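First chain A sits with chain B, and in the next complex the same chain sits with chain C.
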Partner chain A sequence: MKVIVLQENLARGLSIVSRAVSPRSTLPVLSNILIASDEGRLRLSATNLELGITCWIPARIEQEGSTTVPSRTLSDLINTLPADQVQLILDTQTQSLHVQGGTSNNDIKCIDAQEFPPLPVPDMDGAVQVNVADFKEMIQQVTFAASTDEARPVLMGVLVTVEKDQITMAAADGFRLAVRKATLSNAMPSPISAIIPARALNELARVAGDGEESIYMVMPKGRGQVLFRVKDVEVVSQLIDGTFPDYHQIIPRNYKSRTLVSTNAMLKACKQAEIFAREGSNVARLDIKPAQSDMQPSEVEISATSEETGRNETIVEATVDGGGMLIAFNVKFLREALEAVKTPNVAMETSGPNAPGVIRPVGNDDYIQVIMPMHLG
Partner chain B sequence: MNWNLIGHAWAVDLLRRHVANGEARHAYLFSGPPGLGRRTLAVHLAQALNCTNPPAPGEFCGQCRDCRQIAAMQHPDMAVVQAENEGGTLKVDQVRAVQHSLSLKPYQSKYRVALFLRFQEANDNAANALLKTLEEAPAHAILLLTADTPESLLPTIISRCEILRLRPLRVEEVESMLTDKGVDPERARLLAHISGGRPGYANRLLEDSSLLETRAERLNDLQALLQSTRVKKFSYADKLSKDKDGMRQAITFWLSYWRDVLLKASHASVTITNVDYSAEIESLASRLTLPAVRRTVSDLELALDRMDRNVNPRLLAEVLLMDWPK
Partner chain C sequence: MPIRLLSSEVASQIAAGEVIERPASVVKELAENALDAGARALTISIAEAGRALVEVADDGSGIPASELALAVERHATSKLVQSEDLFHISTLGFRGEALASIGSVSRMTVTSRVAESATGARLRVEGGISSKVEPVGAPVGTVVRVEDLFYNVPARLKFLKADVTERRAIDNLVTRYALAYPHVRFKLSEGKNVSLQTAGDGDRRSILAALYGVDVARQMLEVIAEEEGLRLTGFISPTSLTRSNRKEITFFVNGRWVQEVALNTAVIQAYHTLLMVGRYPLTALFLDMLPGDVDVNVHPAKAEVRFKNQDRVFSFVQRAVRRALLAYTPVPSVAPTTLWGGRPSEPREPGLDWTMARETVDGGRPTAEGQPSEASSPTPQPETRPAFNLPLLRLIGQIGSAYLVAEGPDGLYLIDQHAAHERVLFEKLMAQHGMKSILSQALLTPAVVHLPPAQAKLLEGQIDVLNHFGFEVEAFGANTFQVRAMPTLFRGSDPSLALRALVEDFEEDEAPLQAEVEARLAGRVCKRLAVKAGQTLTPEEQRALLSDLETCESPRTCPHGRPTMIHLSVDMLERQFGRKGPR
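The block that comes next holds the complex of A and B.
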């Protein structure tokens, strides 16, 4: 193999794929990055068998070939080379990669590309196509609600379902649920349902970049994998095996009290309450007060108390529809829920101190969150 | 074809039928003394499960990419879990890491295989952490455990596995395996006897000549120690206890020697293991009473057990040597 690439392209490509490298694996080849000539471009791939990232960078291929290079060594080296052309020459006999940039000459010991686990070569026909910005927003609005508890692997993933022209993402950790819907530009012939690890989606959002491109999503038949392609990057993830709980049953159908607040004001109040609540068990009390008469305003009082730190109380103006209510939430969950809401106003629906609360952005029916209440104490 | 294995034909036969009929259990436990081929059998089962090009149902080709990766224990869908060294502890974090990988669908094959070696070394936390996975393994997961005896595991683990108790082979089988390899008959006979019907151990003896030397040294020490003074025994015990692995090994050699003495003393017709020391063993057996020999054997077994329980090795060695019959 003989390839000439620009240092900045190679450095960018390595920084994208290196997130999937697993440095401490029983398979030594997994701490390496696969570099291979691929139809006039250079392909970089890394995988930890759960998440795989491939990136194509422009290159001048003088001789075809492939090998796997230790990730840390190559990344550290390329980052120190001058912003100029870098020449990569592989000696296939010794599996040693000669890297030349500026006046620096290096030989890196590599592992044969044959040992690298094969990444799927997808058929992009029938791919689900979503705008990058929309897809990133969906991911950001859902993944934070996924569990980090290894004991229930299913909840560490995000349930992605596609039916006709509706795509839905749902994540839950047993205490909260976030569901985000979106409409696709063209309807899919057959429905899709899969549990994708939240980590893979977060990595996808990170590498997808900004812009007007589309993300293409396919699930090759019988491989238990999902593949996303954006521009010149591909992210492959193993699917989580199992049955996602039926979350439709958790979403309350009606409410006794509906409170409209400004998202920002409520978020600020939650942040303040969290300063005090985090010392204890993260409990914040919401006292929802409807207007006493036509002349008085309705409001929500958010308060948190801690034995050691002290206490906090913030009043947020609100429009309360229905009766008053005293309810407690985990303030960290409440803050994260509000941070994910993009509209200026948010509606909170409650039915009682022991019933789950629902958070909806005002003027957008595509996003819904459910949070379990805590003991008032 | 017997999966290229020496012996254990019944086990291979059973497993082959399971694989061929698609009724592989979610968990198997292979038990038997070390060096018997427990791991080899488990690896071959993994190959049979995941071979992409099986020559016949329940067989594996050994040539395809998956077969070669599994044989090298480098397969993306196979996780190998074991304590860091023999006699070490298999920890709960290792079990958790495997559970995470088992929750994902297989990367390239039909099954994800988790291979837990010497599972008797798992501490209670690790064993308990595995229970849930053992009970409700995902459909694509197969768990393979190896252990010295099923009884050394938690009863809750055993009841969740299909147990295959592997037994030592006949000495002649191991002998013919060795002669087939080109070992000269005299040496093959000796190694087969010393291995006690464990082909894996026989191979180790063959490849690592220092093992035989250590054995000879330890057995000569044993004979010398029987006649030596208390002072000598104490200084030997001190030296021995410096290296825990060496001490464990020495006790194992001595145990097999005393087992032979026991066999001779009880006039059993079973062939002895240490055939190269048969004269010494005979004379010792004729000199000692059966209860005395039996006590020594159980003392040695107890000593091995106590070593795993972190007893002060020097005290242990001293007591052991002092209690030996004159």
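The block that comes next holds the complex of A and C.
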């Protein structure tokens, strides 16, 4: 193999695929990145067997070939080379890759490309097509609500369903739920439902770049895999097996009290409360006060107390529709929920101190979050 | 097959199975009978680990010849007349089953004479069939000779353990009874081998030596505590002396050896944070209470008892043990041989020199700190813990950015700054948090948890308690529960794991969630708050740490159970410098 690439292209490609490298593995080849000539371009691939990322970069192929290179060594090296042409020459006898850039000459010991696990070659027919920016927003609005507790693998994933021209993502960790819908430009003939690891979606959002391109998603039948393609990057992930909780019945249909607040003001109040709450129980109390008179407009009082640090109390202007209420939430859940809301105002609905709290952006019906309250036992 | 009434022989063999399961049970039943008969001396002889022969001879009141035939019948006893008597039993036996049970599974000879009678009487029972009572010459008292145990129950015979094991069970049992009845002379022998002989002079420590060895016996701390209607005496091990299991936690309630989980737990809790995880103390404790306050008629072998007021007994035992322990918990002192030899000192291993513990134990003299040895005084003041758990220390400085050096009245103290600070913060935070505010986090969807039947049963009775601890649980069919909320203490989000953890707390009879609370605090203290080794402290900081440590309840160990300080006594220094000869 003899290939000439631009340093910046190679550095970018390596930074994209290296997220799927498994840094510590009993299989040495998983710590490596596959580089292969591929129809006039250079293909870079990495996988930890759960997640795989492939990226194609422009290259001048002088001689076809492939090998796998230790990820850290190659990335660190390329990042320090001058922004110029980099020449990669493989000695197939010794599996040694000669990397030359500027005045720097290096030989890296490689592992035969035959040992690298084959990544699926997708058939993009019938792919779901979504705008990159929209898809990234959807991912950012749900994945934080997924669980990190390996005891319940299903909750570490995001339920992605497609029905006609509706795509829905839902994540829950047992205490909170985030559901985001979007409309596709063209309707799908058959419905799709799969649990995709939240981590894979986060990586996808990271590597997808910005702009007006489209993300294509396919789930080849019977493979238990999902494959995303955006521009010159492919992300493939194992699906999570299992049954996702039926979240439709969790979302309350009505409420006794609805509080409208400025998202930003409420978020700030939560961040302040968290400074005190994080030392102890993480609990923030919301005292929802409807207007008593013109002199006393409606408001929400957010407070947190810590035996060690002290206490905090912030008042946020609000429009309260319904009765007053005292309700407590895990302040981290509340803060993360508000951070995900993109609209200037947000509505919080609840029916009582023991009933779920519902958070909806004002003016956007596509996004809904449910947070379960806390109470003193 | 048609249904038939069992023949009385078979029925008694079945019943015997509950009481007599191994040679040691025979010894136990016969020894208890002898003790009930007021014996001052017990001679127990066995052969082939009790399989071939168990003979228990006593000098008690004896059985009159006229009653002998009745004595070996089932449900025949002199210790109980009417059912009310069951509620204040002061004798060890009362069921009237021992002799009948033993007789039905062995060849048994009972020889007995009462003081009023000139001759004794003898009766043989073989496989439950008794012979005629015949007159015979015998000393006052009763001799029960049990030969060929289980000769007619081969199944039982098959399940007996190796001789060594059975013999050890008998040894253990007799030694423990000797401990409980120090005024009775016990002799246990197999052939010419005498494995235990006690003087009957009331000295428990010498019997303890027979049980655990002289070294251990000398280190054991004495507990004496009394509270309205409750009295706890006996011995507990210092924190240096531990076992990897709970088997050596021995309890006698009103002179009866019991295996009561609640009592064991009370003891373990008293040692809480003083022992490393997975280590358990050795105890021989004797709890005396009014017979009416305890129900012994729970289990055929009487190994379990019920208390009328379990919480009170539990907290009394825990407090008494804790008090004795805190009064004595010594600073591990370094043994001369290990000090400069380069071997790391392992202060938790028995055999090292625990000067202070020994001094107090030997003479009940004031401890090295100059405080009276509270627990050995007959009337301890409840709820007063020693004002100073540490001697007054004069700070000398810090070495290696990790240890403080201080001088006390009795030598040099090396203090691990990280461990010491951990202890200070841990006690402070525990006092702040306590178990007061348990927050409950509601679940998005109720989790359905299946439990094994035994755990489920345990849980069913405790659902109210659970709801108090931040769970919201309801029964949901057989052995199935629905969890709607769980305490926020649990790091993971899996309600079934959390619920199981709590059930295990119940099973172990430990304060529910206490372990989680403490583990979380200890973890936080250790990782985030406590000063680390390698951090240079100013003299003011060093002094503050020392004085904070002095106010701690258990200043000598960190929350993980490691020692916070090492003591080099003046005495030891003098020996190391050759000013004094070795001990």
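We adopt the following convention: the second predicted complex is superposed on the first by the 372 of 377 C-alpha atoms of A that agree within 3 Å, B and C clash if a C-alpha of one lies under 4 Å from a C-alpha of the other, contacts with A are read in each partner's own complex, and residues count from 1 in each chain.
As a convention for this text, a residue touches a chain if its C-beta (ideal position, glycine included) is under 8 Å from a C-beta of that chain, and two chains touch if they have at least 3 such contacts.
Owing to the predicted nature of the structure, the values given are computational and were not obtained by experimental measurement.
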Do chain B and chain C fit side by side on chain A in the superposed arrangement, or is it a clash? fit
Touch test for A:D365: chain B only (first), chain C only (second), both, or neither? neither
Partner touching more residues of chain A, chain B vs chain C, is chain C
Is A:L155 touching the first partner chain B, the second partner chain C, both, or neither of them? second
For A:I250 in the superposed arrangement: first (chain B), second (chain C), both or neither? second
Tell me the contact category for A:P118 with respect to chain B and chain C: first, second, both or neither. first
A:E307 contacts which: chain B (first), chain C (second), both, neither? second
Who does A:D210 touch here: chain B (first), chain C (second), both, or neither? neither
So, does A:N282 touch the first partner chain B, the second partner chain C, both, or neither? second
Partner chain in contact with A:S147 - chain B first, chain C second, else both or neither: second
Please state the minimum Cα-Cα separation between chain B and chain C in the superposed model, rounded to the nearest whole Å. 10
So which positions on chain A get touched by both chain B and chain C? none
For chain A, which residues are in contact with chain B within the complex? 26-27, 29, 49-50, 115, 117-118, 150, 153-154, 156, 197, 223-225, 238-242
Considering the complex alone, what residue numbers of chain A touch chain C? 147, 149, 151-152, 155, 172-177, 245-247, 250, 280-283, 307-308, 328, 330, 354, 356, 370, 372-377
In their complex, what parts of chain B are in touch with chain A? 73-74, 76, 79-80, 96, 99-101, 103-108, 138-140
Touching residues of chain C toward chain A in the complex: what are they? 429, 432-433, 437-445, 447, 467-471, 485, 487-488, 492-495, 497
